[in-house]
């Protein structure tokens, strides 16, 4: 069971993430209204907002997953509060640096800061270096955190057990059972670790060029591969962390028996761990310079990475729920909705990960369409589900059956969220480019779609605000001196 | 446009099916007094897996051969256009372009129904080279990366004015980075 | 209307709000050698050639087979010899299913045919049908046709020049040029190009990028995965070793 200080730090994560989320959504809505010509901001402001929005969103939902699994990990292994606090402090420092760089330094190279754009200084001179420093701070914090959690797991499970290798046979009597939660957490954190090490290498290459005074230049192709290896992997693993919490909590809050690690769950997630590492090649389909073999690997890996994780999870959840007596509360509804969003976004992703489609979809709004789907309506909901559950734990309240009021809020969330991404999909299919501060005139419907998207997003934001109050007030309870008595259940 | 609409329709249909299935699953679980779930899931699970994997394999076999890299590989291009992208413009010429001494032709014309080759590179950051027809539909593209030359071959079947838009974020002027050429 | 306002506001706000300070970073023109691209896809002029086999025109040659043309001068103490040696090596180790002949032309007006012949003999190529050593009376028009301008350095009594290969296809068009000492892969793409096989992308010769995905090791003549590919694999390798190290310690019994 987590200690009080562990609850406090988790609470701090939740509140910080939600506050940053609301701000980052507002930046997103601002961008979309600008594209809809409802408001008028300068391109530099637009792209600074875009850079900060992307970095913040990717960052907070990655750490939301990390904080959630760290909290749940306490059920199985000994966890460290100071490690968690360390990561929290570095995250806050890193985010502050990046926001200063973005808003005061006007840095706007996009969240992917594709080489050599950060060196084409079109902002305050100090901003490029401080951008790299901000990322380094985050990288170090999360790297230490990931390694720390892996070590905690490996103190109890052997390497093989942590990957559930003993479950590969169909025999049922294994000596040590690896819960799905441990398996998926391990797989995801390994992925996070690999992506963070990639980020470190990328940063080192950036620093090397920055300080070489023109004597050293990088290879743009290698840098782009590293960028997407890092970016794609961290975004995907963040989702898998969300799934880990789903595997752990969904049956529990639904009043169903826990998920078991069967051979196909074990094999599936091990495969995912490998496949997902090469799927990032799909970001370079339109770089004809990329070795042809990598392009094919990109499409194969993108297709096959989806089989184990998605198919296993879909089947497991349907079997869990279909026709059974389920106690629906806010938590499991959020998980359930998140799963739907994740799968729909995944379909959008697979369509784009097909080379022959990519030629007319690459860098159109189809891209933000699909990744917003599995984030806005997928991973965010997984994390919110955890937040709701944790807040109840902190406050000592029970999760109640879903109420009419909550259903209304959720409906606004669903309409707002899917409406927002639908406008991206339509525009994307009609070839409207992504990352355009304003759309050229020939895209006659782009501005209208943008405007509609912004209004839908506003509805989504309102639903989030309505849900947020309850979570935050319960989370704040752990900081008050009068603590609820330990729970009996 | 057929392709563009097909993609959107395909996606929407799949999305609705997925939403439908999960709504159905959800409704089947509301108000039950006892469990009436799937009795013997193992076999059904296996079939689902098989179908899923089979679908993926079939899709791979259908789509991989349509990859664009070797398009018109066996044709000799009737016209070659060199493209050097830079913040925030495209330099185009039928001669090679030296960024230290740039020269560009103001009006580029390429023949209709013949293979045309664009040799695309960049002289600063990475850009995208997206070709749009007069209905603002993206018809083909490649990336413009410094230090590398990408050769994009295409056969334009309709005469008219075509636009080129930048399709890789390259800085604050990204949205105004464009050019055009004529097919006749 | 909208468009022009849009243009105007964007451009003015760009210039006003983007102070382009200090740090002069190298431009692509400084990093990469773009002159490799010049004259590609233009038709070669039909220069007369003098060879041991007789006098004929370039067109007589490419009409039979595509040509890899190498430019040298016989008194060269610099790059010419290693350049030809490397070319010879590479051609031997590449599988030669594709057809081409190799034309070595002197760009030094002082070179005589017999001097070219002895150059051939130095590489034991005088009897090799695939290799043709030639001089031409039209050096200047040749230089213009391929954009190649060696400069005479009177202190060293040498031409200052880069290694250059020009690939000419059967129709007499320049398919590809290769500047500098290049690896087998680049040569292969030249050979493919003049045999009308499509090479959909290629790198420009870079002046000082050290991390590219494959590099050529002149010592062994083998292509080996270089730093670039290694860097891409590094994260996985580090993680794996970390895991093995952490996992090698016995967990506490549960």
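Each chain carries a letter (A, B and C) given by its place in the written order, and its residues are counted from 1.
Everything that follows uses one rule, which is that a contact is a pair of C-beta atoms (placed from the backbone, for glycine too) under 8 Å apart; a residue touches a chain by one contact, two chains touch by 3 or more.
Since this is a predicted model, take the numbers as computed values, not measurements.
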How is the touch graph of the chains shaped: line, ring, star, complete or other?
complete
Where is the C-beta contact count highest, in terms of which two chains?
A-B
Can you work out the whole-Å distance between the CA centroids of subunit A and subunit B?
25
Once you find the CA centre of subunit A and the CA centre of subunit C, what distance in Å lies between them?
44
What whole-number Å value describes the gap between the mean CA coordinates of subunit B and subunit C?
31
For subunit C, residues contacting two or more additional chains:
6, 10, 13-14, 17-18, 31, 200-203, 206, 209
Note the residues in subunit B that touch 2 or more other chains, in rising order.
69, 124, 146-148, 150-151, 172-173, 175
Set of subunit A residues in contact with two or more other chains
43-44, 116, 120, 122, 219, 221, 287-289, 437-438, 440
Can you list the residues on subunit B that touch subunit C in the complex?
69-70, 72-74, 76, 80, 82, 95-100, 119, 121-124, 146-151, 153, 172-173, 175-176
Interface residues, subunit C side, partner subunit B - complex:
6-7, 10-11, 13-14, 17-18, 27-32, 34-35, 37-41, 196-204, 206, 209
Seen from subunit B, its contact residues with subunit A in the complex are 3-5, 7-8, 10-12, 14-15, 18-19, 22, 25-26, 28-30, 32-38, 41, 45, 48-49, 52-53, 56, 59-60, 63-64, 66-69, 87, 124-126, 128, 130, 132, 136-143, 145-148, 150-152, 163, 165-175, 178
Within their complex, subunit A touches subunit B through residues 43-44, 47, 108-110, 112, 114-117, 120, 122, 219-221, 224, 264, 286-289, 292, 295-296, 299-300, 303-304, 306-307, 311, 314-315, 318-319, 321-326, 328, 336, 339-340, 343-344, 347-348, 351, 354-357, 359-364, 425-426, 429-431, 433-440, 442-444
What part of subunit A is in contact with subunit C in the complex they form?
42-44, 106, 116, 119-125, 147, 150-151, 154-160, 162, 176, 190, 193-195, 197-198, 201, 205, 214-219, 221-222, 225-226, 229, 277, 287-289, 291, 437-438, 440-441
